[in-house]
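Alright, structures below, take your time with them.
In the two complexes that follow, chain A is the common piece, with chain B as its partner first and chain C second.
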Partner chain A sequence: MARGKAGFATLTRIGRAFLVIAAIAVLAWPRPAHAVIEIDITQGNIQPLPVAIPDFIGGNPDDAQLGADIANVIQGNLVRSGLFAPIDKAAFIEKIRDVNATPRFGDWRIINAQALVTGHVALLKDGRLRAEFRLWDVLAGQQMAGQQFFTTPDNWRRVAHVVSDAIYQRLTGESGYFDTRIVFIDETGPKDARIKSLAIMDQDGANMRVLTDGGELVLTPRFSPTSQEITYMSFGRGDQPRVHLFNIETGQREIVGDFPGMTFAPRFSPDGQRVIMSLQSGGNANIYAMDLRSRATTRLTDTPAIDTAPSYSPDGRQVTFESDRGGTQQIYVMNADGTNQQRISFGEGIYSTPVWSPRGDLIAFTKRHAGRFLIGVLRPDGSGERILTEGYHNEGPTWAPNGRVIMFFRDTPGENGGPKLWSVDLTGYNERQIDTPHFASDPAWSPLIN
Partner chain B sequence: MRVSLAISFFAHLSVIAWASFSFPTARPYEIEPMKALPVDIVTVAELTRLKAGVKEPAQEKEQAPSKPETEKPDTSSGEETDKLKRVAALPPPPPPQPEEPKVATPTPVAPRPQPRVEEPKKEPEPEPAPKTAEPKPEPEKTAESVPDKEESLAPLPPVRPAHAPRPAPPATPKKERTFDADKIAALLNKVPAEAEAPAGGEPIADEPPGAGDPRGLDSRMSISELDALRAQISPCWSPPIGVQGAADLAVQIQLALNVDGTLLRPPDILSRGSGLAFLAAADAARRAVLRCQPYELPAGKYDAWRDIKVNFDPREMLGG
Partner chain C sequence: MRIMLKFRRFIAKGAVLAAALTLVACSTTSSTLDGAVAAVPGTVQDFVVNAGDRVFFETDSAELSPQSRDTLDKQAAWLKKYSSYPILIEGHADERGTREYNLALGARRATATRNYLVSRGVDASRLRTISYGKERPVAVCDDISCWSQNRRAVTVIGGSETG
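Let's turn to the complex of A and B:
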């Protein structure tokens, strides 16, 4: 009994102390002096962001010319993305003289710039090129990003692309796609005797190089996701389709193998270890996966239909392909081991060339319906089908590495017509033709180079 | 043992016997009929919106349309309950004036006319007054039902003492003893003049701005004013919608504004998030509020919009 009593007394003391502390806390807790209005903004006004890109500063005339070139490349990249509206240089008020000094933001606000890019280039004594840039938030009056690069002088375009990527990423929240290359088929000659060569260029059309001599028919180039390698299909002697592996940096060429009956060029898996392809035998075609090291092939589909154009998902666990097992060509999705094959396209028309976005959220496809050729996207579960563009013989979509832009090719009718490369944004806007010296088809977008 | 048992038995028996004889003949309790005490809930909001005085309140606005139940900032209702609690702790009201007690009945009904009389004053104001919607029908009703009305201005509702420095309006109706319907208008006109007097007094130190505000305006923003502010900010907001998961990038910003509508200091981002997408969304929200200043807002209600929280939510733009 006594013990219980003592315990109770202690508790009371503790309880009292607790109450005192709680009371003090409640009384001392800061209270708002007055009500704060809260409003919800649910509608905005999507506009390209006005950005000012003055020439990069250079010490001597050579550097200054380089600085101007870099600024122009950056401006071109941002304009083509459709998300930015660079301001005419003639409207600039302040002349940037020092990249480390804070700009006079008032001068830039007057011309309605919301972001400002300042930079500096210098050719160093050891032959290297040093470039640096700063991205400023004009309205808030502070720096948003800044980087410095060292490289060889003839790599200045890549510097401009990397800077563009950094600006794009900071302002839109997505990774950029400017430091990439496009591999495609360059077509020359008359329509009935086309000479097709493999070609590669920067995504803005510069630095175009032809990689094969045009002697044999080359088709469907594809980029490896992990290394600077391309695979393509060539029909050489005896009409045997052959898969080649081409290393861009070393220029080395390798024959992966003779694949009699191949209908579609292989695509790499995201880890670069396997390729997936479609082989034809008799009247039907089925999908096979091959390990590049062991050269062991696994059969994934086994139907009397034509299953072709396979593409891996970015996590490598699923494959999308085109099949006519249901009567017309439609898009299917299955696991990477061939199980659980499901049809996902149910609209009217013929669906083909499905390509999984590197972001994983969409599959792009070509659709033919009532004589119209369309490029569209749909979600991997089959919902949300959207048509992005319609055009004459639209075909062959390929994704930019950030999953935001699709490139494809479109024909022009007539005797002198030919295919050209086009790009369109995921939202369906900003359809642009890519500048190539000749006709071009079958584009494939590389991953980011660095 | 036996003896005690016997005594106990007989005692119990006697008690039971007495009970059985006396209980049925007991008098039932008499309950006097209680007069129903009409209680009028007067929110402190109504009192805090007392005007200093407009000499000529617009008479034609007396029948106000039923004010729609408007959305108020949630914090304000929380504030009001706080104020209400505080007010309840104040000392009891002063006794009624001597000229009053002629009629016994008006006393309980007294608290009522206060809101009734104040209604016409508030009506010229365009702001919504949701809580006044309830007391309004009744005061109109009782004005007709209870004849000796005018001097029942005198007894103040218990909440009144919150504004102690204010001299009680009962000073007014010393003259009229009989209810004269024609003179109601004259009476109504006088009350604002009375309320004017306390306006010159010092504002209550711990009351939030708006209580007995000498400027005489309700410092709450109306729906249309909030909409106008929304319409000023919306066109400047260009969120990143193409990024993956853009629908979840809601950003909350706190603004501190000067009287002329410009920002007092850089806006604070209240939301917490990480990743490039959130950074871009927060930047877009910040740019939106910086771009569109100065904001056109009613200068008289500066205290209401001195601090604003803006929630940017792109979910609707992306189709939910």
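Let's turn to the complex of A and C:
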């Protein structure tokens, strides 16, 4: 089968500095009328798709090592999604030597691969890293996707994540979630003398770094959807606890607003313009939103109750929050201006930490009932409650940007125990612990970086 | 400071023990607990031993029990007698609830304690409150005996106990 000539789109530079990836070529290939291989991710407990991911080709030992590293990261992502079963490299028959050549599909069918990923990397003389990949449907004998990237060499992991997202999207029809980061709280020390620090890492645990020095109690960090900023709550150096902003690039931080009491539970609005949070006043906590440019604050709730953990809908028109105005913590939904506050949780138990899915279709929550701690979802009208997982002190769900995976944290009992991050699919399957160097809590998932 | 910490650990073993301790410590002799010295009147140690520096709460509640009111009555009497100290009331919660709510619940407990002390005549301008939510447990076993110790409001003379 003759290979079509690659067409090149215009080079566009997205963003600055260390987060640039410019995809400049979508390689043309006659598309099949329908995909032979596809994955339905709405079904739980599916058979993982067997996929072969040979090391990306490199023309010299350094490039070859990079090629192996990239293939490794891609494989890790696809495995952790629970949707793919990688085939052992030792079983490969054909050795891919030219990323532009058609593979010998028979060699891959024999080892039961249904999808094949091939790629090539080169560190160029001008200092850039060039990488490209192809996704092949082994059974149909056709290319399904292909892209070429130019970036800085230290961005090689992001290449692997973007490729992983492209593969995921092509095979499931859903956008991926691998080119993302997690902000969370790193915890060390015994349970009665915990040291907490702001931390950030790639969603696969790589590039973990601590952003604060452990000298102040920090809690509940959340990403801005539009800028390199985090909002979080800090007790400062013995000052009144307040909501802060932290600029990831510059390390600069500031207190949000000038409130007369403790502020906490902050989140950004979907347009990144506002921070919504709780303000404590005596025995009550009410929800306020502050415009970050004008500094104008709007009070949204006004009850003699604890109203907290607010979270915007992805269209920014509504807010879900928890309130004990009815006697126990329950989930409410209101318009973003504070009108029309309605309770939506009516099951048995105590509901808290509601978080709206980026798809808009569901709200995730923490539920406590009869000494059990559960993570679940329900629709914004309160119907369709479904529990995803139970575990010791399960708490604090956060959504992947495609609304298909939830991360949360779970504790272990006793003075030497501590929390770790876990993820679970929306189907309730594929529950996994996330690798962090120490104890970890309060995860928040970033949007797709690109 | 070491002696005070010893008393604090002893007191933290529960409200019943705290009441018993108060009875014992009311004696003016130098017979003591843990081999420590009897408290000098007007000191922080005196407050902790003779009034009791903390009250405890039921799950998800900021209601003051009769026992708590008793303790706070003693605190108020002491604070009015020795009126030069500024006071910080810390509100805390156990680990059996979510983080944001527990911050607010701790504040609610600290406020309830503060309001009661004010109602008993303590000058409101001396009283500051702070909540640590579930972040500063004193007891870390996986059992109600520990959780109940953490659901507390602590009256701290002159500054912060937990920092």
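To be clear about the criterion, the second predicted complex is superposed on the first by the 394 of 450 C-alpha atoms of A that agree within 3 Å, B and C clash if a C-alpha of one lies under 4 Å from a C-alpha of the other, contacts with A are read in each partner's own complex, and residues count from 1 in each chain.
What we mean here is this: contacts are C-beta pairs under 8 Å (C-beta built on N, C-alpha and C of every residue); 3 or more make two chains touch, one makes a residue touch a chain.
It should be emphasised that the depicted structure is a prediction, and the values quoted were computed from it without experimental measurement.
Trainee: Looking at A:A370 after the superposition, I want to know if it touches chain B, chain C, both of them or none. Which is it: first, second, both, neither?
Mentor: neither
Trainee: Between chain B (first) and chain C (second), which does A:Q329 come into contact with in this model arrangement: first, second, both, or neither?
Mentor: Once the two structures are laid over each other on A, A:Q329 reaches chain C alone.
Trainee: Touching A:L139 in the superposition: chain B (first), chain C (second), both, neither?
Mentor: First partner only.
Trainee: Would you sort A:A90 into first (chain B), second (chain C), both or neither based on which partner it touches?
Mentor: neither
Trainee: Check the residue A:P241 against both partner chains and state whether it touches chain B (first), chain C (second), both, or neither.
Mentor: second
Trainee: Going by the contact definition given at the top, which residues of chain A touch chain B in one complex and chain C in the other?
Mentor: none
Trainee: For the complex, give me every residue of chain A touching chain B.
Mentor: Residue positions touching the partner: 32-47, 49, 83, 114, 137, 139-140, 144, 169-175, 359, 361, 403-404, 425-427.
Trainee: Spell out the part of chain A that touches chain C in their complex, as residue ranges.
Mentor: 190-192, 194, 196, 217, 219-220, 233, 238, 240-241, 262, 264-265, 278, 280, 282-285, 306, 308-309, 322, 324, 328-329, 350, 352-353, 366, 368, 393, 395-396, 411, 413-415, 417, 442
Trainee: Going by the contact rule at the top, pick out the chain B residues touching chain A in the complex.
Mentor: 73-76, 79, 208-209, 221, 226, 229-230, 233-244, 249, 254, 266, 275-281, 283, 286-288, 290-291, 303-317
Trainee: Enumerate the contact residues on chain C facing chain A in the complex.
Mentor: Residues 60, 62, 95-101, 103-105, 107-108, 111-112, 130-133, 135-142, 160, 163.
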